[in-house]
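Next come the structures, one after another.
You will see chain A twice below: alongside chain B first, and alongside chain C after that.
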Partner chain A sequence: MKRFRGFVIKEFYHIFRDTRTLLILFGMPVAQILLFGFAITNEIKDVNVAILDMSKDNTTQEIGNKILSSNYFKLYENLSSVLEIEPAFKKGKIKEVIVFEPDFGQNLTRTGKANVQIIADASDPNLANMIIGYTSLIISDYQRELAKENSFLFQIETEIKMRFNPNLKSVYMFVPGLMSVILLLVSALMTSISITKEKEMGTMEVLLVSPLNPLQIIAGKVIPYLLLAFVNSTVILILARTVFKVPIVGSLWLVVFECILFVITSLSLGIMISTISPNQQTAMMISLGGLILPTIILSGYIFPIDNMPILLQIISNFIPAKWFIIIIRGVMLKGSDLSYVWKETLVLFGMSALFTFISIRNFKTRLG
Partner chain B sequence: MNTDDKIIISVNKLTKRFGHFTAVDSISFDVYKGEIFGFIGANGAGKTTAIRVLCGLSSPTSGEASVAGYDVYKQSELIKKNIGYMSQRFSLYEDLTVKENITFYGGIYGLTNAQIKEKTDYLIDLLGITSEKNKLIKSLPLGWKQKLAFSVAVIHDPKIVFLDEPTGGVDPVTRRQFWDMIYESASRGITIFVTTHYMDEAEYCNRISMMVDGRIAALDSPYLLKKEFNASSMHEVFVKLARAV
Partner chain C sequence: MRTILFLLRKEFLQIFRNKSMLPLIFIMPLVQLLILSNAATYEIRNITFNVVDLDQSRFSRELVSDFINNGYFKLNNVGFSLENSEEDFKLNTARLIVHIPKYFEKDFLSNGKTKVQFVINAENSADAGIIYNYASSITRMFNADVIAEFQNTSTSKALPLINIEYSNWYNPLLNYKTYMVPGILVVLVSLIGMFLTGMNVVKEKEIGTIEQLNVTPIKKRHFIIGKLLPFWFIGITELAVGIVTGIIVFNIPLLGSPFVILLLASVYMFVVLGIGLFISTVTNTQQQAMFIAWFFLVLFILMGGIFTPIESMPEWAQIIAYFNPVAQFNRALRMIMLKGSGLPDVLPALYFFVVYAAVMMSLAVWRYRKTEN
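Now for the complex of A and B:
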């Protein structure tokens, strides 16, 4: 046991003396979560719009004010003719033009029907979708108010509103995915590098000739990263909770438990990678290309799995992060308990066991 | 256990193949307790492979071998407790200090804290590096690193220490000092098993085995080998042997 403790202490020396390792371990997670939380966001704010008001009556004025006072939009210019729309978009300053038909107010009060056209710059399709969603919502909101005052039925568009979530907080969705990527980086990438480094430096031979057995060597390498990954999950959760007000609806203990389970899965992956990589570069390439990239793309972190071709959907099942994200979204955002996520939890357990089994087998054959 | 207590390594027709390539070809020899036994040969002659098999790093294809009385097939864990090892690649941690390296290796060989402290003081004094004890290994010159690596390999007073090309890339003066340390350890009863391709170092061994293409071409004391081959130096012996094969 004393042998083992010395080994773990040595491992901490390695970690705390290497600035790059420290940066990846502690700088990157914080930077990533702040970046995703603040900058790379799906919410819109102060989007430049132009208004072409061919009616210029009270109603259009009110709708215009309502849109512009929402904080989502900012008036960039007023247009006076349809011909100005195209050039306005081409200048690239505005993302949306709102066109009111002539006699908009009159039409609305007389026939209960008026036309407003929303034109969005779809060169950024996601943004365009959101802008249209927000605008339509504000307009239909106005119509509803109008209907209340006049006890007269106006036509209310509901289609767009259905797929629009007025409280859309992208950071809620990002946090679980981000946790999986960070934990994977810390656990799989860093352990596989640290183990292959010993191979590369020749110190692994000395360790193998020593009375330490392979299991102790692996455990000694892994335990510091297990602890650090745990610290990292805590930091992410605290940041998510305090800075971005992400709710933790379900049990915090279950979240922590699932994080530890996912860290163990990642560590076992890291060990497996180290047993098949001859040097640090290979380990890094396999970890980044073979783990991190598929995790970002195929885990449901950014792109919904349901929208993928069937082949990719099948492949996504082999990605541990997919299951972790389902679990964390369920527990954190929906308040699911273990009775809802036990299947996913079992999958992670199974994967960890499989990777550990393969690693131990590989490690032993290497011993010869 | 061996019937003859004085034999500490016993090897009989030991063979190691990698696919079709035979790295070690049916070698047999005995090493006696307390002697400095040299494995001499060109690069690729099978020295490192042989040493790895004896240390339990790699398993033999056929033949028999016992180290410190333990069988290399079944008792490699027991062998590991009784040997020290220094590889041809430098084996200390560059980002740890001198003291931390000694503590670490002492620790994995099961020394107590008191023993580690005692050893640390002794080694730092012996190597004359008191002012460097808290410096990182990477800041030390290669010669010092090698000497420290050797000291660490025998920190637990093993029965046998295996040195795989320990003096590669070191200047002649440091090599001489290194061999002084080897003699010192041998005088304490530690058996030294050393591989090298420096022929002058062969002269320092009690007995040497000349390896050519995985076989032992000759095995005797340097004096008798020179006599047998009518040569003035080990280098000449080696050249004659290599040509004969």
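Now for the complex of A and C:
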């Protein structure tokens, strides 16, 4: 035990004496949370639209104004002919063209039927989907008002209640996701080179001839980073709560506990990468090139897993961040307690155990 | 010239001898492209929903069956308490509750006005908006059907109807792969390029072999060119292979000219490599270089308009995005491939890359010193 303590202290010195790296380790996650927390959103705001109004009457004017005054859209230009639509899109400035047919208002009052066309630039299909959704919602709103003015009977009103996020802020969804992506990447990157570095520098030999067993060496490597990652997750949590005003409806202790568990999972993932890589470059390439995109895309951080094809839903089960995101959104936003998230918690436990087991199995006590 | 050839040979030998890196450089990106391109979609189907029908009338049952038969929704369970039903939000088994109050039908028939409530799990704000849109349009259609039924018997005025037609240009079927493939390719090529160059020089520093290079008579620029060209080739090859794979496997269109892409990519690669090289000249260990490269990569990727639209970002972030080479290349590549934009349309991006590359290279050459101080 005394030997082990000595080893842990050595590892601490290693990390804390390299102030430059330390600064990077503490500064970067904070900078990232702040930057991305503000910048990454898929809310529609001030999207440039062009209007092709072939009718130019009161009704089209009213609808146009209603759309443009909604904060979602902003007029970029007025088009005067169908031929101008294509070049306008190609320049890449506008995302939507709204076309009113000739005699729109007259058609509406006389025949009770008028046509409007919404053309979206679907080279970004997500945006196109949302733009069309918002525009048609505004137009049908207008239609409903029209119906009300004419005291039209037999209406079914829809009432809406958005649970857990009444103002539909995308911060609520993105900040917990961001926490898990950053924590996973930082933690895994930190430990992924810990053992390979000793191998590459030749200091591994010294460790191997010491009486420490593989488990102790691995644990000794992880403990200092665990402390670092814990400080990081606390800072990130505080930022999420104070700067981004993400509520913590559930128990704070549960959140902290899950953070520690997730950090351990990520650190052991890093150690596992470290034991299977022959040199630092390979280890870094696996943890950088192999983790960034799958974690961002398959964890449910940006793209909801429910909407993915079945095969990818299965693959996403292997992404640790996926489970943490479910837990953290559940506890922070919905106030779930352990009885709702015990399955996900168990998965994280299992993953940590598996990664540690593989690391010990792969840890070679002989060189070459 | 001969010096450069020798240097190139050395670098290529080093790359191809490192057996553990080869699959990571050449196979991993392709695997990721093939798998991850399928992931992104906001097209929501199979929305699980609960029904709390307190009316139990003919109308309410018809409305519920409209939801079930619509194709977008999937019934999870039916209950009589809104509170119990909301428990399913926490278990993630339902995303919407259709709450039909008592006297739903009666109010409609006697007062001409009635209400239905939708409770939505809005944890995911974007999905919640779309779910509401679907739900309210089903209700509108139901409303119209019911009115049509009554039209004959009562003397109600016809509801003015605005018919909304949609068209999605450049991607009429909203195929998300055509959107994801260029984006993921840009990320992978940038990642490989920046990482490999970033690690390369700093590794020579850390192991000490840079001393050997420093005492040779090669010039600074020879050294830099020798370090960059191999990765430039790798990057361009991977981009080409990736685009061809995208066309064959995912059927994504290539409307514009491949030569414009090649031209743009050639310059773009120098930007990425220049950033990598600059990082390696300002750091001392591979660990530091990796963390800095990681920071910028994640920054470039997440703020590059690849997964979330740049238009949604706040003003200051859009300014940062303008100086983000990944964002610029991603935008240009999507424009060329999906919209068939030509050279004049992407000329600003090209100029931008030329200046960017020149600046990064000069910085790297300036920072690289043969002598220790």
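Here is the rule we use: the second predicted complex is superposed on the first by the 260 of 368 C-alpha atoms of A that agree within 3 Å, B and C clash if a C-alpha of one lies under 4 Å from a C-alpha of the other, contacts with A are read in each partner's own complex, and residues count from 1 in each chain.
As a convention for this text, a residue touches a chain if its C-beta (ideal position, glycine included) is under 8 Å from a C-beta of that chain, and two chains touch if they have at least 3 such contacts.
Everything quoted here is computed from the prediction, not taken from an experiment.
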**OP:** Using the touch definition from the top, say if A:Arg3 reaches chain B (first), chain C (second), both or neither.
**Re:** first
**OP:** Go through the superposed model and pick first if A:Tyr340 touches only chain B, second if only chain C, both, or neither.
**Re:** second
Original post:
In the superposed arrangement, does A:Ile193 touch chain B (first), chain C (second), both or neither?
Top reply: second
**OP:** Based on the superposed arrangement, let me know which partner A:Ala147 touches: chain B (first), chain C (second), both, or neither?
**Re:** second
Subject >> When both partners are placed on the shared chain, which of chain B and chain C touches more of chain A >> reply: C
**OP:** Check whether A:Val47 is in contact with chain B, with chain C, with both or with neither, and answer first, second, both or neither.
**Re:** second
Subject >> Partner chain in contact with A:Tyr13 - chain B first, chain C second, else both or neither >> reply: first
**OP:** Using the touch definition from the top, say if A:Ala128 reaches chain B (first), chain C (second), both or neither.
**Re:** second
Subject >> Touching partner for A:Ile260 - first (chain B), second (chain C), both, neither >> reply: neither
**OP:** Determine where on chain A the residues touched by chain B overlap those touched by chain C, and list them.
**Re:** 18
Subject >> Touching residues (chain side chain C, partner chain A) in the complex >> reply: 18, 20-21, 24-25, 28-29, 32, 35-36, 38-46, 86, 89-92, 95, 108, 112-130, 132-133, 135-137, 139-140, 142-143, 146-147, 150, 156-172, 174-176, 178-179, 184, 187-188, 191-192, 195, 199, 203, 207, 284-288, 290-295, 297-299, 301-303, 307-309, 311-314, 317, 320, 331, 334-335, 338-341, 345
**OP:** In the complex, go through chain B and note every residue touching chain A.
**Re:** 52, 55-59, 77, 80-81, 83, 85-96, 100, 103-105, 107-110, 136, 162
**OP:** Within their complex, state which residues of chain A touch chain B.
**Re:** 2-3, 5-7, 9-10, 13-14, 17-18, 201-203, 205-213, 367-368
Original post:
Which part of chain A faces chain C closely enough to touch in the complex?
Top reply: 18, 20-21, 24-25, 28, 31-32, 35-36, 38-48, 89-92, 95, 108-109, 112-130, 132-134, 136-137, 139-140, 142-143, 146-147, 150, 152-166, 168-170, 172-173, 185, 189, 193, 197, 200, 277-282, 284-286, 288-290, 292-294, 296-298, 302-304, 306-309, 311-312, 315, 326, 329-330, 333-336, 340
